[in-house]
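One chain, subunit A, appears in both complexes that follow, with subunit B as partner in the first and subunit C in the second.
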Partner chain A sequence: MTQTLTARLRPALSLEGALRSGAALVVIYAGLLVAFTIASPVFLTGDNLLNITASVATLGIVAAVQTAVIISGGFDLSVGSTAAFTSVVVAELLSAGAGAPLAIAGALVVGAVVGLGNALVITKLNVNPLIATLGMMSIVRGAGLVWTDALTVVYPADQLAYLGRARIGGVQVSIVFMLLAFVAVWAVLRYTVFGRFVFAVGGNPKAAFLAGVRVDRVRSIVYVASGLAAGLAGLVIASQLIAGSPQAAQGLELSAVTAAVLGGASLSGGQGRVWMTLVGALIMGTLTNGLVLMDISSFWQMAVLGVVLILAVALDQLRTRARH
Partner chain B sequence: MLRCDGVHKSFGATRALRGVSLHVDAGEVVALLGENGAGKSTLVRCVAGEVTPEAGHVWLADRGVAVVHQELSYVGPTSVAENLLLAQLPRHRRFPFLLDRRRLVERAREMLAPIAPDIDVRARMSDLRVGDRQLVEIARAVGAGAAAVLMDEPTAALTAAEVAKLFAAVEALRRQGVGILYISHRLDEIQRVADRAVVLRDGAVAGTHRIGEVTREDLVAEIVGRQLGAFTREHHAEQVTEAGASLEVTGLTVPGRLRALDLRVRPGEIVGLYGLAGSGVELVAKAVVGAVRATGEVTVDGRRLKRRTPAACRRAGLAHVPSDRREEGIFPLLSVGTNIAMSAMADRGGAALVTRASDREAGRHWAERLDIRPRDPDLPVSALSGGNQQKSIFARWLAIRPKVFLLDEPTKGVDVGAKSQMYELIATVAAEGAGVLVVSSELPELMSLCNRIGVVTRGALAGMYSTASVDEQQLVDAAIGGHS
Partner chain C sequence: MRRHKPLAVLAALSLLAVACNRGSASESDSFTIGYAGLSSEFPFVADVNRGLESAAKQAGLELIVLDNKYDPQAALSNADTLVLRKADVVIEFQTDAQIAPALCEKFKAAGLGEKVIAIDIPHEPCAVFFGANNRRAGEIAGEELAKAAKAKWGSVDKLVLLELPQSGELVRSRTDGYVDGVRKVFPDFPDSKVVKVDGKGALEPSLTAMRNLLPTLAGDQHLLLGAVNDPSAVGAFRAIQSAGRQDAFLIGGQNATIEARQEICNNSKTFIGTVGYFPEKYGQALVDLARKLHTGESTDDSVYIEHQWVSSANIREYYPTC
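The block that comes next holds the complex of A and B.
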């Protein structure tokens, strides 16, 4: 009896088993919460937790779709720039007197267009996704800076409050948007044929092609979705700032990739779990918040972010090795 | 120079070499003949030291052996001279961290002089023709001091003029006292360059002959001579309805690889395609479904395909089981059920809903019908044996009830039991009215399965034979090309 119990527990207790089940990540997160609670008296207060969730909202929205992009064997590094550019578009539209519906539509169109651009460069010109979206990241960031002369664009504060600032029962609306993004990506990946294709294309693109899956179409849709998510993130940013900033969301793409990889999405494609990405995003948000509370400069935060990214990828390698 | 004594080598349950003994003397050219799978490449790998034999010895002269593989290894963007002397680039006398370009060119010219004096050593390697690149590789091997050279299908990609140059080089090496083991399918070439021929069959030496004391017919008979497989399909002509064609291919061309191939597969018919390595036969199925760029027309069940992509072919009812299961067939991380459900899902469109349960159901259904073991649809497909993986890929296509099956090496790496199950399966889909095209390098398989067998030689269809009125020897003879 005891023997069978230990036999059953062993895989969960081993490093490999823990890595696979994602239990390790939750434990790490819990540890992080405990550490910051001890280190800072303000950390575990309602207001601060809301701060964390607010900062996680934009990251979560793009990280949810980024997970799908990574599962499909790709990458989208352009999401940060696109979110910033979108916030400018929203602010310009609102300050020009166009209503909120038009601003929202504009944001989503901008996101979709950038996503489509990525898709075309990757599938038609056969450019490696890393390079294609890195280029797009620079193009879109540059475009935003040129358009605004690197200045923040302010719009009337009575507009668009519900997206980033309003609360329902104490919870920001933006958090609801984020959760909706996670539910949507989860449902599509798990319950649609398209979702199966995303895994198939990431796991073995040649086999998918030969099995009659339209690989290029699948990849294109994934990048357009990622662009849309960036557009939505831009809306939330514009609402939170009550302005559009061409310099906003710097490093958002790295945080999103880190969250997804922390959550177990494999950089070689074909593997990943959306809900674990949420835990990854929470870790990122909590870490940033905790460092702020501990009065550590934002420059150091950047460095810490890099360390976490590298650790996450190293963890992915460890997982891959454990599998073989 | 080179001597093998009783070399044994197994891979898993397959005994690739069963006590092979042969020798190559100084200044001698020995041809190594045999069908695909006879053990030639394993012997090459043993001699090259890439694999270690379980029993027996490979003896090499002090200076070792150099292997010129079918896929050449060179640094394309650098010069011929640098490629020749990559391992010992001459350094400048006074500044040893600099390259001595003058000596580099001189020494490269010396190395090339006996073999191919007309190649410019300052040219870029990637700008040379294939044949010249090969000569550079040979010169490098001999220049590095190899006493024996092993050439694996050296003429597979060469033009007639290049072949003549290669033979001149072989002659030059022979005069220098280098021993050469020459592997080729092309009997006419062997009769021109070799002194002796060693025939491998089923991992053992079937015979050794002096060229000139043996006829081409005897060599072919010795290459083929073996028992037929256990499976035989009743293939009477009347089973096949004359009317219509399941698959009609006209003028299928892949530049440089396939030339204007015409094929017709009638409903209920199994047509085989046979060809030696490098003949282009391995490209036919992929060219038909548009997985490699090709021109020509494909008609499935009377309807001409406008766009040829695997997805369009799937919709038209054309199934393609690729030869490289691991690289092109399975989704290793996904479950057996999802693997099987993939093509049927593609038929339903991306927006259709599925659940894990529906994948599992598909897996269970087909595992039952095709005897896929273990019967666990949740298992990752990579955990199955080769034969069961192959059945899963087959099931993927069966689920969409195709009108035509294109099967590339359907039993490659499949154990004997699963093999006969695959044969029965193929016979069944044909009996149910599908047209089947089987590309295989195993003649007994084609002989027992097919109504007709086409032979592809140098990218073209050399002949189409009714299985009832042809024997293996004639097919091998046609595949080797040349006469008849």
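The block that comes next holds the complex of A and C.
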């Protein structure tokens, strides 16, 4: 029994094993929690921990699906713009008296359409995902600005409160949405044939194609899912702000990629753990929160988040070396 | 008939002279304004742009509109374009004071050294400043918040300021103005009670920043919150609402943008007012100033717009439809 346990623990205790299993990231996160707890008396309180989790809710929603996109060998840099645009769709529909169900449906449909647009450009026109989604990022951001003339769109405050502002047992609903997104992506990747196809397409698309996997179809579904997630994030943003802002979610796409890569998704595709992406997102949220509580200048906060981005990519490289 | 010939020539010459005079008068009335705006992505700038376009159209002036895109290099390139397109008066709206001398050099070389208006950021040595009196605008809001706090609570525990530190000294003077205003009502208000946080001047980052800051304010019940602009103030307000701490705050913003106006129109007990800058009125004043510069009339070095505290008591005077 002891021998079996030791044998199971041994890989995780080595650097190589720690990098592979994601234990290193959990240890880093635990270290952060300890450091901030010592530095600030209000850090380790229930309310603050909920604040941290709520502050990464929109990031988490898009990062969960971004993990699947990266595992499939792609990127989706349009999620921030799409979230902002859908927040505008929601606000415009609500202010026009369309009602919450239509606003929710509108946001999700628009998100899915943007995702489908990405999918078509990538699979039918063979445009590199980085360029395709970068282009889409500009198109969607520009469309939002043109539509609203760069103005924030406000809507009646009693609408849609349950999405971003309400609480269930003291926990913000946005956190519940984020957790549902992670559970959904994890379940699909882990327990479905489609999930295995996503890994196969990202690991070696040619081999996957030769094995009978419909590569373009798999990629398309992943991008549509990413658009849907951005639409959901836009809904949460609109609910939290009681407004739609064409300039919201700036940098959300890079934060989502950082969280996924920090969590172990390989930039070369085929590898990734969705729950570690959640840890990655929490690390980013915790760093921002902790630095604010310590009254560290926002300029230093930017620098620290830059370090995290580099650390994420360096960890990816170390993992790749550990695998070979 | 021959006797009348010299008279006819004289009459023709007189008519020609009148026509020429008319031509020169119309040239001085009609001139070209070259305008390089900050970035049309910002609602405030969009209001300035619309106002300027409308005022120029009404005055029958040609207006060249370029976008500085919040980018100093774009501003330099746009300055070249305005010179190339032969603008008679230039209006610069860009926030990097460090490149002002370079811009001035370009305009001076093109003979426009005395015909430049700079919105909101001084462009020494060439431009007439036009725009906000940032320190005064902050002071107005700080004083109004402090007066409301005195009436409601009798004291203030802390003043929270949502800053935009990357925008430099001038905009920082706006948030510093809040402290001046609070001290007009509470003269001994110490620096140690001023909490500053970067809200990035936008809704969503301010919501996050305030959410992160709130745990440190758990023991305080009489709090004032001022922000560099309304989106930032409203973003912070959303975090405060989410935490159920509306009763502990009085909030004031800057710019009187739609987000803040909605709160004020709804008679919010927490978001009590904002300082109006009325960017939609910039256009006419800018055209008038440009005309003075074009005709060589003397002007003040700085032309400040008039700020007003906009609250539920007077908002319909300025925004009838609310």
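Heads up, the rule we're going with is that the second predicted complex is superposed on the first by the 306 of 324 C-alpha atoms of A that agree within 3 Å, B and C clash if a C-alpha of one lies under 4 Å from a C-alpha of the other, contacts with A are read in each partner's own complex, and residues count from 1 in each chain.
As a convention for this text, contacts are C-beta pairs under 8 Å (C-beta built on N, C-alpha and C of every residue); 3 or more make two chains touch, one makes a residue touch a chain.
Note that the coordinates shown come from a computational prediction; the quantities given were computed from them, not determined experimentally.
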item: Touched partner set for A:271, first subunit B, second subunit C, both or neither; value: first
item: Partner chain in contact with A:289 - subunit B first, subunit C second, else both or neither; value: second
item: Which of subunit B and subunit C A:114 touches, first, second, both or neither; value: neither
item: Partner chain in contact with A:191 - subunit B first, subunit C second, else both or neither; value: first
item: Which of subunit B and subunit C A:207 touches, first, second, both or neither; value: first
item: Subunit B versus subunit C as contact partner of A:42, first or second or both or neither; value: second
item: Subunit B or subunit C, by number of subunit A residues touched; value: C
item: Of all residues in subunit B, those that touch subunit A in their complex; value: 289, 291, 309-311, 313-315, 320, 322, 327-334, 338, 341-343, 345-356, 359, 396
item: Subunit A - residues contacting subunit B, complex; value: 190-197, 199-200, 203-204, 206-214, 217-218, 221, 270-271
item: Touch list for subunit A against partner subunit C, complex; value: 40, 42-43, 45, 47-48, 51-52, 54-55, 145, 149-152, 154, 157, 165, 172, 237, 240-243, 245-250, 288-289, 292-293, 297-299, 301
item: Residues of subunit C defined as touching subunit A within the complex; value: 40-43, 45-46, 165-166, 197-198, 200, 202-204, 207-209, 211-216, 218, 231, 234-235, 238, 241-243, 257-259, 262, 266
